[in-house]
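In the two complexes below, subunit A is the common chain; its partner is subunit B in one and subunit C in the other.
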Partner chain A sequence: MEIRVNPTRMELNRLKKRLQMALRGHKLLKDKRDELIRQFLLRVRKNKELREQIEKELTEAFAKFLLARAVMSAETLEEALMYPTARLALKVEKQNIMSVYAPRFTWEQEKTTRGEDSSIYPYGFVGTSAELDTSIDTLSGIMPKLLELAELEKSVQLLADEIEKTRRRVNALEYVLIPKMHETVRYITMKLDESERGALTRLMKVKDIVRAKV
Partner chain B sequence: MPVNETIFAYAVGRIRALETRLLDKGKLERMVEAASGDEALKVLAETDYAGLVAELASVHDFEKILQEEIKRVFSLVKKISPQPYLTDLMGLKYDVHNLKVLLKAKYLEETNHDILFPVGTIQIDKLRAMVTEENFRDLPVALRTAAEQITEEFAVSRDPQVIDLSLDRTLYDMLITAARNERAAVLEGLFVREVDLANIKTFLRVKRMGRNKEFFKKAFLPQGRLTADLFINLLEEPLEFLADRLAMSDYAAVVSEGVREWQEKGTITRLEKLSDDFITDYLQQGKRMPFGLEPLIGYLYAKEIEVKNIRMILVGKINGLPIEAIRERLRNVYI
Partner chain C sequence: MSTFKIAVIGDKDSILGFKTLGVTTFSVTNADSALSVLKKVVKEDYAILFITEELAQHLEEPIEEIKKRFLPVVVPIPNNKGTLGIGMAKVKESVEKAIGADILFRKEG
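Moving on, here comes the complex of A and B:
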């Protein structure tokens, strides 16, 4: 049960200090947990919204893509899309949310083409279906959102991890360490009191004997 | 046609026999109604495709059948055609496709590309060697000039669209010039119609992309009966004007119906279907000819449409598209 210590006054002082520290830590961690949860909920809500929106758009884009695929041969489709017109440069930085290091993406979409009037469509018009245009359109609009979602989802994941850890720490402090310390402090105090009482009694006894001899 | 048409007697005879084996509406309808991709494939196994279907491991590889079939049909027609250089023109687009792929692959510095058509008139290995060495001397003159020009232009712009646009234009220039020189009226008619329909479609797409007339001029195929000016003047106008302007042309029905759906639903499906049907209608004249090039060209085109339909159905079935969506995209059949 209690922490095994020598019931000495020095130990008691040390323990009391530790207890105080634990209580302070507990309070701090609890505050941290609450803030983490608040941040978490904020992000989760945004995440859900964004995800639903993206899923809807992607479904649409894929449906259109499927139709384009259905009226074009695999070879023609691949040929049409084989040379991309845009390149995405992604930079990953850290952002600090309550000392959780989540990634922050910054990106730059640059055209690989140099012409002034080049388009995002890397193909010619003969042999390609116009249904491809629309799906390329939607897909290229989705990219920034996808990156945003990736950033958000990762931070949500990391936050969830951190919340779990913090919660476990709070609980460990609250239900294990602090009660144990309380117990030990009591134990030591009692022991000390006991020995004090013992010393007192002995002293009185000695006094009696000495007095009787005189 | 300058030559004696009776030299086509044998070829037309063969084609007449083969025509009856094209998939008819009933077969296609049964495939559309099939419960799954596998079921649709079973219907296909009852037809001329039986041998190819039997070799197929899974329905997802159906593209292989289609490619094989196109390859087979083209080599067959080449064999029986008394003037193979004319029927070869139908396959020129595959050469151009291969050239596009190889050029793009070169600029991407990739070598792994299995999206070449083994159908064209130029052997793929030869073509590959030419592209790697940038030595296009053995290509037909028009293609050679185009390829050289692309090499130059691409180095500056790095725009892959340039490759497609320029080669598409060269393709139809070559086709129409060759057809004219050979006085193959049916081919000329076919290519001119294809060009016009492609231009109409390009016009709609360019308009939706909001691009300017300079860009349209680049994408425009000049050999058709409809002039660039006609489209350019309409680029700033509401869409209804297009149907009005073309009301007197052969394309009136295609355009008015296609554009209506484009405006109502924002899809070009109807226009694309009607365009293909328009060509099929045109080529159906070949069915009534006892001799001549027409039946051969008609058969080749019919096969291409058939393959398109099968692809549409199988893609639709595998991905569980609603029957209606498949049906509205099916092209009319030749027979």
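Moving on, here comes the complex of A and C:
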């Protein structure tokens, strides 16, 4: 179906301008979509790998932790972990991926205890099992990766959202708006041509009548 | 620039270890209390929220809601019983949403 307009020359001009604009917008949006998808694929591949790796490592760390729990009594374990020595301070920056804003994390571990050579273990080694040490060691090794994963996953989610939106727009332009306008332009030109032909025949007819009278 | 905090939500056995790293842990046993913690965390200045898959599977809707925001980031992690594959499923979901077809995971079936 074409757009309902008056088939006038002015309307035709206006429509042609709009059509040109729509075509340009369509091209731009298509480029945007392609680049977004490229960025998305780059990230999502990394995301998948990282997640696989982390899930494996975390499960290992948990297994070690479970061992520690089994060896130690629940009270001693809790007591040992009651006051952490470190506090994770996270800084958030915005990164711009094709005007999609995703968070980027930088972080530092602040020590809550001063002096003493800083260790990640918040407890003395007396009374705790070695399994606890190793499990905490693994966990703190995983932490930077976890932060990276968080960053990646968020950007993947946001990009997926944006790609969906852009694709919808591209399709709306390509399959609805632009064909509609093409059709309307054709409709108007045909109407105009028709009325021109009508005027021409009328003129010829009048000429014939006038000539017959003379 | 202001600093943000990291939260971990999960069952006690899984999250206790995280405490030593300086992140805030919320030990939670059922989905209802996890939801109230989630709501609380969203309001405060937490930037990342790790949640065990076991709990995440009950909180699908609120997590989807948070997905659209800039912060916080909700990341499902396996708990001590192993992974349920939810985190991976979410990645797959994103791919399908963006590309329209699954092109990353297809090979493994």
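The rule is simple: the second predicted complex is superposed on the first by the 210 of 214 C-alpha atoms of A that agree within 3 Å, B and C clash if a C-alpha of one lies under 4 Å from a C-alpha of the other, contacts with A are read in each partner's own complex, and residues count from 1 in each chain.
Here, a contact is a pair of C-beta atoms (placed from the backbone, for glycine too) under 8 Å apart; a residue touches a chain by one contact, two chains touch by 3 or more.
All values derive from a computational prediction rather than experimental measurement.
K.L.:
Using the superposition on subunit A, decide if subunit B and subunit C clash or fit.
P.N.:
fit
K.L.:
Residues of subunit A touched by subunit B versus by subunit C: which partner has the larger set?
P.N.:
So, of the two partners, C touches more residues of subunit A.
K.L.:
After the superposition on chain A, what is the angle at the C-alpha centre of subunit A formed with the C-alpha centres of subunit B and subunit C, rounded to the nearest 10 degrees?
P.N.:
20
K.L.:
Just checking: does A:Pro103 make contact with subunit B only, subunit C only, both, or neither of them? Give me first, second, both or neither.
P.N.:
After superposing on A, A:Pro103 lies in contact with subunit C but is clear of subunit B.
K.L.:
Given the touch rule stated above, what does A:Met10 touch, subunit B (first), subunit C (second), both, or neither?
P.N.:
neither
K.L.:
Could you say whether A:Val214 touches subunit B, subunit C, both of them, or neither, answering first, second, both or neither?
P.N.:
neither
K.L.:
State whether A:Ser73 touches subunit B only (first), subunit C only (second), both chains, or neither.
P.N.:
first
K.L.:
Should A:Asp133 be classified as contacting the first partner (subunit B), the second (subunit C), both, or neither?
P.N.:
In the superposed model, A:Asp133 contacts subunit B only, not subunit C.
K.L.:
Subunit B to subunit C: minimum CA distance in the overlay, Å?
P.N.:
Distance of closest C-alpha approach: 6 Å.
K.L.:
If you lay the two complexes on top of each other, which residues of subunit A touch subunit B in one and subunit C in the other?
P.N.:
The answer is residues 66, 69, 78, 84-85, 112, 121-122 of subunit A.
K.L.:
Residue numbers of subunit C touching subunit A in their complex, please.
P.N.:
Per the stated touch rule, the residues are 1, 3-6, 13-14, 16-23, 47-48, 50, 67-68, 70-71, 73, 75, 77-80, 82-83, 87-88, 90-91, 94-95, 97-100, 104-105.
K.L.:
Which residues of subunit A touch subunit C in their complex?
P.N.:
So the residues of subunit A in touch with subunit C come to 37, 40, 44-45, 47-48, 51-52, 54-55, 58-59, 61-63, 65-66, 69, 77-78, 81, 84-94, 101-103, 105, 109-110, 112, 120-122, 135-136, 139-140, 143, 146-147, 149-151, 153-154, 156-157, 159-161, 163-164, 167.
K.L.:
Which subunit B residues qualify as touching subunit A in the complex?
P.N.:
Its residues touching subunit A are 63, 66-67, 93, 97, 100-101, 104-105, 107-108, 113, 115-117, 156-165, 167-168, 171-172, 198, 201-202, 204-206, 208-209, 211-212, 214-215, 219, 221, 266-269, 272, 307-308, 311-312, 315-316, 319, 321, 325-326, 329.
K.L.:
Which subunit A residues qualify as touching subunit B in the complex?
P.N.:
Going through subunit A, the ones touching subunit B are 66-67, 69-71, 73-76, 78-80, 82-85, 112-115, 117-119, 121-127, 129-131, 133-134.
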